[in-house]
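Each structure below appears as structure tokens.
In the two complexes that follow, chain A is the common piece, with chain B as its partner first and chain C second.
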Partner chain A sequence: MTLEVVTGNHAAGYALSAAGEANRDARGICAGAYPITPQTEIIEYARKYKFTKGRIVPVESEHSAMGVCIGASMAGARSFTASAANGLSYMTENIFTAGYYRLPIVLVCVNRTMGPPWNIWADQGDALLMRDASLIQFFCETNQEVADTILLSFRLAEDHRILMPALVSMDAFIMSHTLMNTDLPEQEQVDQYLPNLDLPHVLTHEHPVCIGGLAWPQETLSMRVDTHEAFERIPEVYDECRAEFQKIFGRDVGGPFTTFETEDADTIFITSGSIATTTRELIKARRKAGEKIGMIKVKMYRPFPEEGLLDACKNAKKVGVLDRNYAGGLGGLFWHDFRAAAQGKRDDLLIQDYLIGVCGGDVTPDLIEEVFDDLSQRVEADKPVWKGIEL
Partner chain B sequence: MIEIRIHGRGGQGGVTLAKLIGTTRYLLGESVQAFGVYAAERSGAPLQAFCRCDTQPIVNRNMIYEPDHIVVLDPTLIGPAITTGLKPGGWILINIDQPPEVFVEKYPGYRIATIDATAIARKYKLGTVSVPIVNTALLGAVAKILDFTLDQVNGALEHIGFVGANIDAAEEAYQLVKTAQPTTEADFVHPEVPHPRIPGLVEGNTGILPRIKTGDWATQQPHRENKVAPCNHICPAGNNVQGFLERLAKEDVDGALEILLDTTPFPSICGRVCPAPCMEVCNRIQLDEGVNVRDMERYAGDHGNAKVTPASDRKEHLAVIGSGPAGLSAVYQLRKLGYQVTLFEGGKELGGLLRTGIPPYRLPRDVLDAEIQRILDLEVTFTTNHRVDKAGLVDLANGFDAVLVATGLQELRDLRLGIDDDQAIMQGIDFLDLANTKDIRVDDEDVVVVGGGNTAFDAARSSLRLGAKSVRVVYRRTIEEMPAIAEEIDQGIEEGLQIDYLTLPISATPAENGYSITCRKMELGEPDESGRRRPVEIEGSDFEIHADRVLLALGQSPEVSIFPEGTEVHEGDSLIGTLQTPVFAVGDLATNDGTVTAAIGSGRRAAFHIHHTFTGEQLLAPPHEESDVVGADLMSMHLFEKNGRHDGYTIPAEERRFTYDEVHQGLPDLDEARRCLSCGVCNECDKCVTYCPEGVLKRVGHEFHFDYSYCKGCGVCVAECPRNVIYMSQI
Partner chain C sequence: MSIATDIPVEGAQIACSEECIMRPGNTNCGGCGMSVALTMIGRILKEESEKATFVIPACCGIVTAGGYPTSAYNAPVLGATFGSSPAFATGYATVRDLNEDPGQVINWAGDGGTYDIGMATLSAAAERNENFMYMCYDNEIYGNTGGQRSSATPVGARTSTTPYGKNASKKDIVSIMAAHGIPYAATLSVAHPEDFATKLKKACHMKGFRFMLIHSPCPTGWKSDPAETVNLVRIAVRSGLFPLYEVFDGKRYRVNDAPDGTDPSEYYQGQRRFPSGAVDLDVVRTECKENSERIMRCAECWPAAEDE
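Entry: the complex of A and B
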């Protein structure tokens, strides 16, 4: 391990490149890349990296970037790319394609507000636009978690029980462009953690097949069910990957979600990304003042860890969800998913949504304190509450 | 935990300063965060950057609203709002060339530190040519006030890969930062973070954003000013070399000739015989090869058409003595100014040394005659075979309003070597006078030419053409010191001249045929007053060479017997105080320079002096400031493509040594003119207009306009100008 002080983009570029290099004895690395603020530094890092085998292909659009990744992955190369906001949305068709082709491509999204207007700041709405793709989704809290989760994603995605692309997200600027202390793993460790990619449906000269041809409804349906069952296996395989990570890197990459002071809490806040840090710190103070509150940081958004979250909330009466995203006409998507999970199981639970830091607003401790106060006084749930704007 | 807020402008390196401070503390094992607030506007936009350092893990993820200290990168950002939220007793570090005491009253309750980081950045050339980057200097100042050591700072700079001048700048700022303590209590106000709702479409807000005058962000502004190209600076004739080349590059041959005819009547002549000091200082040499200015001047002279129209006639009538290049140049300029001129020439034809001294294979007579005719067409009265002596000068002074003496170098250095025969030993200049009209032959002779100037080589090469069996040039120094034009030396060697360097003829003794010349080898000693190393004889090194004829080209000196005793001859002032009439010396007589181009310049200056004497009007432009001359170091050479020089056709040596046909044929087209880099002078390449990221630079006709209300001072135009025409000034 090398302790360094790097930005989130640097950490991501490092981890992606190390993972790509680790496949050098197999079919190497190949990836398509297209720049967009605030992720450009990631692909710049990878493009400068001297891979033993393979390379980054600069292309003319995000759609093509994922196209290159699909072709490369299909041919057995380890593949990844990065994008954000409208770039990611332009990539959407091929992200769905990668998912249905069951290709273990790792995609990094630096969460940026969807435009217009032109806005480059943090908002998870871009990644959440992909929630219905066959795509594993993670949201990270620190630069360290970004590097670690990228490595874990390759291992998880490439497992023959899973075989699915993964998306690793971080907050724009708050992580992507902020220097923070980070342990960067050694290449030997990455080599050990990520064995050569062995894709069962690899396309080679020896085994030529036609891909993407017409399939009858029953055949296609079978593939969907396959995919769904792969999703269902993720928690179990995730735990194995996490344990192996601990063994090799001596560090916990964290579970699909992480609880803090939830055991006896009557009020629990669910959040993700960098907001979790501030929330956790404020909860410490409230606990000292005698309030029985706790929090859950959700790292894995797809598959959504419904049962675990409900279990962690078993003693709670109120749950506040802090959503740094907004789905048109609906509200926050973490709230939406959690509310659906509780439906019929915890109808007694007061579940309130807070839209906070949406469109890149700075989430200050004061703003979160306001959320705490609001929920503590609330007797029934209401429509999502906008924070950071005086209505 | 320490929290620092940095106020700067895009492009100054504020975010990197935050990262540098962070890295310094990270290397001490602390937990750090360093980040900036990024936005759409980049260069010049006011921005903030932040740094947190703590011995404990940092748990904040938001911006810094109540910093412990602030750093201000740009003095234009100083205002009351800058200290918002700054904790009492905190440092305010300002990049400004003022002492900290100036700010003590303005910011009560805070410690003040100031450092002129911009000056340090400029000194160490940090940033680009147009935008200094001040962050590493400020890191040194931060280190001083926050008690980091210089070693820690250097460690951070090295860690991030900033070495060399960055470390020097940080160290200098560390030493130079000045501090002042507060005299009163701080008036601390907690910052409010407002979250206003902006009216929407229903309220009639159609989304048009407020217009920002980005020019308000600027700390510096670009300006456009032509400077001086080295060729223009050095040209003894005062020609606008860059100007005529630019016209040629744009296929405007007549325009090029017009520019040349402003300063010289002899573009076709100089386009053949000029030693062309412009070509020696051409910045293009640093890129590939210098521009072939001489052949381009010839092209303009030979192919251009331009009419010279004199000003309306003035009443003053002037006499000019001598029709060499200096005299003719003076006549030309005086006629253009409307003065009546009578020209007196001692020889049988006009032209002086142009005719007698320069062989026709270098300067064909039709070319010479045509350019002299252009002057005569301005209605010049002249007489030939009219040598003016001392008494004659007084007569002219009495009969004319002014007299200009341009008699050149008449006094020849002599060396008899003990030979009495005037045919066997003669002055090279006299030989050339005969040779140029083909009134002499040297068939089957061994010719020895003594000297190393143009006369020596003209005489030597003429001898080859007039039948010599062999020609040796004997010169007492080395090729390095030879005053002759390099091309002449090279062409002479190609034609078969033998050159004995470091050789001095001592004496001659009659031999069976001709003479045996005793020569002595020399070596170079200390430099003499001319700066050239003085040749020193080597004892016992004598050797003999055979000569049928010896031609002397030992240099000439001014012949001043025409003037009253004790007259000091120099250029500029009137010479003879005892006469009412002003008398001016001009050309070689005054300057002893010995080139056509210098003579042209001298004649022109003399004409302007005379004009000034009569009218008080100063037509002579003041000499260029050395600092305005754009050297290669100021040119952006990387913006030009390499493209070798066009040299034109020269008749092969084996053919030309038997003929008086012109040796060099010049260039057939204008491609060479397009190689001119136009150093320091805008040639409307429009790179600045193209690359201005804000679109605030426009050209209308030949005029350029900067819209300073939107110019952010990013310096892209300065960086993109290949020729150093645009510069930045601080606002």
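Entry: the complex of A and C
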């Protein structure tokens, strides 16, 4: 282990490249790369890396970046790419294809506000656009978590019980360009953690099938149901990957969600990404002042850990969801999903949405304190509440 | 439930000759130029180093495979999204090369995927000089969706989205691709099988990006007699509408079959997509002449080497 002070982009570039290199004795690594602020340093890192058996192809668009990843993955190589905002949305069609082809490609998204107008600051709406793809989704809180989750994602995605692409997100600038102490694992550890990729449906002359031709409704449906069943296996396989991670790297990569002071809490805040750090500190202070308040950081967004979240809220009366995203005409998507999870099971629970830091605004302690105060006074839930509007 | 991986290969095999790359039982239209070209490819590519994997975007070429879990292709096929098959082929061919696997990667696409939606991706793969063959079967319409105009549709042609005839001219895709300086750009015709075979074999033994354009009648969309497919493309070559030529490194030219003065009118008369009066044949004759002369002048001034 080497403790270094690196940016989130550096941590991601390092982890992706180490994972690619770890497949050198098998079919190697091949990926498509295209720049977009604020993730560009990730693909620059990968382009600079001297792979024993690999090539990063500098393509002409994000759509093609994922296209190269799909072709490479179908030929049996490990593959990854990175994008953000409109780049990610431009890649959409091929992200869905990677999911439908059951390819274990790892995609990093540096969460940035969808444009136009061009705004490069943090907003999770880009990654959440992909919520309906056959795609595992993680949101990270620290640069360490970014590096670790990327490595775990390869192991999880490549497991034959899963075989699905994974998306690892971090907040623009707050993480991507901010230096944090990060343990960057040695290559031997990564080699040990990530066995050679063995894609069961690799396309070869020995198995000359047609991947992606025509399929009738029932046949296509069987593929969707297959994928859904793989999603349902993820919690179990995730736990195995997490335990193995602990064994090799000596630290915990974290669960699908992490609770803080929830056991006896009557009020719980659900959040994700870098906002979780600020929220946790404020909760510590409120706890000292005697408030029964707790929080949950959601790391795994797809599959959404519904049961676990509801269980963690079993003693709560109120839940406030801090959403750094806005789905047009609806509100925050973490709120939307949590509300759906609670429906019919916890109809007594007051669930209030707070749209905070949307479009990249700073989520200051004061702003979160306002949210705490708002929820403590609330007797019934209302429409999503916008926070941080100054103009 | 099963995904594509679980299909036993045996189940998909239908008795046919070894040289058949497109098996019997496909549902392609009668007189389909693309089908003729695929049959020819199967007969030409026989050596281990020539065994092809096809990368095919949305087009008649992927429909040819037929319904899951069967496949009419006697070769591995990777279906690609409409606009990015050269990116899929880049990834697949790169990993083949990293592992020194034998065989060819053929990116097999229609004109919609080539001239239109795939243009940026195609241009980028050519600019990077990716190591695979790109073959466009050009039927001059979106055939699979029922015959809409593409930028490969010739002027005057009636399609479902140019009901009164197309105003704009066809894009000169071979010049565009040759301008990338790629090792090989060529036109192929199913009416000239020996020339077709020579070029395909030659391309197989080259490295880098190789672009081949095949004039490919679609009787359904062209409203032509299926039996006339080969005849139509023969007239196109002889009249200078579709000259057979090669460009090496974007610089050196060879004309394979010079026009013999055949009048192009017969080509137009054989297709009901050209309504009466939609095409000014005198203009067509002039354009055929000028285009043939341009290519022949190029071949005189910058000839291909004898061994190319």
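Keep in mind that, in the parts below, the second predicted complex is superposed on the first by the 388 of 391 C-alpha atoms of A that agree within 3 Å, B and C clash if a C-alpha of one lies under 4 Å from a C-alpha of the other, contacts with A are read in each partner's own complex, and residues count from 1 in each chain.
Just so we're on the same page, a residue touches a chain if its C-beta (ideal position, glycine included) is under 8 Å from a C-beta of that chain, and two chains touch if they have at least 3 such contacts.
Just so it is clear, the structure is predicted and the values come from calculations on it, not from any experiment.
*Asks:* Looking at the superposed three-chain arrangement on chain A, would you call chain B and chain C a clash or a fit?
*Replies:* After superposition on chain A, chain B vs chain C: fit, no clash.
*Asks:* May I ask for the angle at the C-alpha centre of chain A between those of chain B and chain C, rounded to a multiple of 10 degrees?
*Replies:* An angle of 70 degrees, rounded.
*Asks:* Of the partners chain B and chain C, which touch A:Lys53 in the superposed model: first, second, both, neither?
*Replies:* Only chain C; A:Lys53 stays clear of chain B.
*Asks:* Once the two complexes are aligned on chain A, which partner has more residues of chain A within touching range, chain B or chain C?
*Replies:* C
*Asks:* Which partner chains sit in contact with A:Thr259 here, chain B, chain C, both or neither? Use first/second/both/neither.
*Replies:* In the superposition, A:Thr259 contacts neither chain B nor chain C.
*Asks:* Report for A:Thr178: first if it touches chain B alone, second if chain C alone, otherwise both or neither.
*Replies:* first
*Asks:* Figure out whether A:Leu391 sits in contact with chain B (first) or chain C (second), or with both, or with neither.
*Replies:* first
*Asks:* A:Asp362 contacts which: chain B (first), chain C (second), both, neither?
*Replies:* Once the two structures are laid over each other on A, A:Asp362 reaches chain B alone.
*Asks:* Based on the superposed arrangement, let me know which partner A:Val5 touches: chain B (first), chain C (second), both, or neither?
*Replies:* After superposition on chain A, A:Val5 lies in contact with chain B alone.
*Asks:* Report, in whole Å, the shortest distance between any C-alpha atom of chain B and any C-alpha atom of chain C after the two complexes are superposed.
*Replies:* Nearest C-alpha atoms of the two chains are 22 Å apart.
*Asks:* Chain A touches which residues of chain C in the complex?
*Replies:* Spelled out, the residues of chain C in touch with chain A are 1-5, 7, 9, 12, 51, 53, 55, 62-63, 65-69, 71, 73-81, 83-96, 98-99, 103, 120-121, 123-124, 128.
*Asks:* So in the complex, which bits of chain A are touching chain C?
*Replies:* Those residues of chain A that touch chain C are 27-28, 30, 32, 53-55, 57-61, 63-77, 79, 93-94, 97, 102, 200-201, 203-205, 207-216, 219-220, 222-223, 225-226, 229.
*Asks:* Under the touch definition given earlier, write down the residues of chain B that touch chain A in their complex.
*Replies:* 15, 18-19, 22-23, 26, 31-40, 58-63, 65, 193, 195-197, 207
*Asks:* Mind pulling up the chain A residues that touch chain B in the complex?
*Replies:* 5, 37-38, 117-118, 120, 173-174, 177-181, 274-275, 277-278, 280-281, 361-366, 388-391
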